[in-house]
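In the two assemblies presented below, chain A is common to both, partnered first by chain B and then by chain C.
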Partner chain A sequence: MSPGFQGRPRSAQPALPPGQYLTEDFPVLSAGPTPKVGPETWEFVVTTEAGAEYRWSWAEFTALPQDTPTVDIHCVTRWSKLGTTWQGVSLDVLLDGVDTGAAYALVHSYGGYSTNLPMADLRGGRAWVVHRYDGGDLPAEHGGPARLLVPHLYFWKSAKWVRGIRLGTTDEPGFWETAGYHDYGDPWREQRYAGD
Partner chain B sequence: MTEMSYLDGNMLDGPLRELFAVDLSAATGRCEACGTTGPMAGLHVYPHAPGLVARCPACQGVMLRLVRTPQRAWLDLRGATYLGIPLPPDQPYPRPL
Partner chain C sequence: MNAPPLTWRVARLVERRAETPTARTLVLDVPGWPGHLPGQHVDVRLTAADGYQAARSYSLAAPADGERIELTVQRVPDGEVSPYLIDVWAPGDPVEVRGPVGGWFVWRAADTAPVLLVAGGSGVVPLMAMARARRAAGSRTPFRLIYSARTPEDVFYADELRRRARDDRGLDVTYVYTRAAPVRWRGEPHRIGPADVNTHGWPADLEPLCYVCGPTGFVETVADLLVGLGHQPRRVRTERFGPTG
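Showing the complex of A and B:
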């Protein structure tokens, strides 16, 4: 289904975060080769600060209760895309029953990528592990088989090819957060770079 | 299967020239991850990202990252054991007796 924003009066168009422009296509950003991971080998692991591991195979993950969020996404390279449609599992579901008091999460991916965010941002219906986009399986170039989706932060936080989350009591910066990008990355406060 | 395209390390010449007085495209580097040594120009550079990511052509380990923000450049070389940079021969001169 197309969101069809072009049919609305101009005044009803959603505002973009500062410094962003609207795009209709879906640019592919990648810091390396696309990892080749199939459903038969895919797994998702939550590791707590005490070292406990909670694992889901592809079959177990896709059997969990599914959400179908429609969200706007904002890339730090200044494009925004409105009304994107996804299917996946809320982090509230994945973290339900995980015994942790951790305040921070380090998300890691097949291929070696990582990104950090506060636990609070993974909870409250604001974060998902998604495996379908726009009515089809999530293409590998957009992070398939599955990626993180945290649309209220810049899109580099929505790690492609997600493999797991390490929960910790201290904040550990990820791939771009150790190379000049902002630790938190709120697009509405334009937190692009360290110090913003 | 879509494979992300990359450029060869020669494209680093311009961005690094903003930082260094020497031409690093002629330098050799050693990969921290696998030990492969080769010219910087042979790295695989992924430019469609929030920064430049240059990877070892042998193991795909990240050898160099360069992020240019409005205020500064962030250069991360932790994936490179060393850079060997060609320089003109040292010019000895007569020392005072």
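Showing the complex of A and C:
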């Protein structure tokens, strides 16, 4: 116990994952410069464990059936933002027809970022590649032209500037996962750092 | 990763030093502290009498000195944690810390590439840890620090930076003031721009490691400038401050 610490009024706290606090802003967390990728050069590639590639250009991607999820997001740096609205394509749509038995995915981005997650977390209406936020095009500093959105995991799993997904039979850690952060990253179990 | 879990440790306040009217350096004694690299941060957790907890992340301001660590905390208006640490926390009272955290925005003394540090406001804290670690390691790796502050009164570690710029061979320190410059300062207050980075940084062909830390807009600007000046994006490491209370 820290004598003299009272904290914010408890009634003001909505239901957040443990250790999170609410923000109305949309902070940015990135490890390097923001890559500038134009839709004309953007493409999205799913590569299976057998080496097969499934590609979408910007025009092909934006012509796919669109979802408009409204979700809460939780950053490992402890802010949470509620009721964010996005537009994009469900991974169920993108993975439909992809011939794979892979259990793991390594998502990679323009600029070199990567993050890993189980295939199961990309399926079942829980993951999207989004290109619009709050009614406008997704700004570059928030991952535009398109980013992954996997809101049930800490937000570093929602890779910005997403470029593709490599499917594999083994779990391969990504950028933050090799830098001390948790392999899975469930905010409700407070899996922030390796070993949590 | 099979790293051991990071455990919460009880820290006690040893000393509190004023850096600016709104920022304090806190010296903590943390029994069992495992050591850290400059640039890493810690989580600090407070617990109220009814069990309610609040935690925030803070950059480590200095290399580890045994079980002593230093944080520099900027008071966030309406913040939940920083006002406690700055105004209420008394020597001897327990606060929990957990770390070190972060394996990317770090400098290792074994790396001999020239280093450019670019700080915006309180973003200087992890960069100061690097400059201090350089001296502590006896490193001769050339360092340049460009430090953007609103006014001279907002500069953290002002006396120490003056001393280091004089005594730490191979460390250059340059200031950019955005609101008000000191008397006899050459130039007008301005936001950091290409001329500042080009003149006081390193040429890209020396392939320096660049560390940029500050508010999001500042980091976006400087990182873009560096890439525009020919630095490889992978040599530009950034850390951005969101609001942390």
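Assume the second predicted complex is superposed on the first by the 182 of 196 C-alpha atoms of A that agree within 3 Å, B and C clash if a C-alpha of one lies under 4 Å from a C-alpha of the other, contacts with A are read in each partner's own complex, and residues count from 1 in each chain.
Keep this in mind: a residue touches a chain if its C-beta (ideal position, glycine included) is under 8 Å from a C-beta of that chain, and two chains touch if they have at least 3 such contacts.
All of these numbers come straight from a predicted model, not from anything done at the bench.
In the superposed model, A:64 lies in contact with neither chain B nor chain C. When the two structures are aligned on the shared chain, A:79 is found in touch with chain C, with no touch to chain B. In the superposition on chain A, contact of A:156 is made with chain B only, not with chain C. In the superposition on chain A, A:193 makes contact with both chain B and chain C.
By the touch criterion stated above, A:23 is placed in contact with chain C alone, chain B being left untouched.
By the touch criterion defined above, A:183 lies against chain C but remains apart from chain B after alignment on the C-alpha atoms of chain A.
Contact comparison for chain A: of chain B and chain C, C touches the greater number of residues. Looking at the shared chain after the overlay, A:139 reaches chain B, while chain C stays out of its contact range. Of the two partner chains placed around the shared chain by superposition, chain C is the only one that A:173 touches, whereas chain B remains out of contact.
By the document's definition of touching, neither partner reaches A:103: not chain B, not chain C. Residue overlap on chain A between the chain B contacts of one complex and the chain C contacts of the other covers 27-34, 77, 112, 141, 176, 178-180, 193-195.
Chain A contributes residues 1-8, 10, 19, 21, 23, 25, 27-35, 75, 77-79, 111-112, 141, 173, 175-180, 183, 193-196 to its touches with chain C in the complex. Of all residues in chain C, those touching chain A in their complex are 1-6, 46-50, 52-57, 80, 84, 88-90, 93-95, 101-105, 216, 220, 223-224, 226-227, 233-234, 236-238, 240, 242-245.
In the complex of the two chains, the chain B residues touching chain A come out as 1-4, 6, 46, 48-51, 53, 55, 60, 62, 65, 67, 69-72, 74, 76. Across the interface of their complex, chain B is touched by residues 27-34, 36, 76-77, 112, 139-141, 156, 176, 178-181, 192-195 of chain A.
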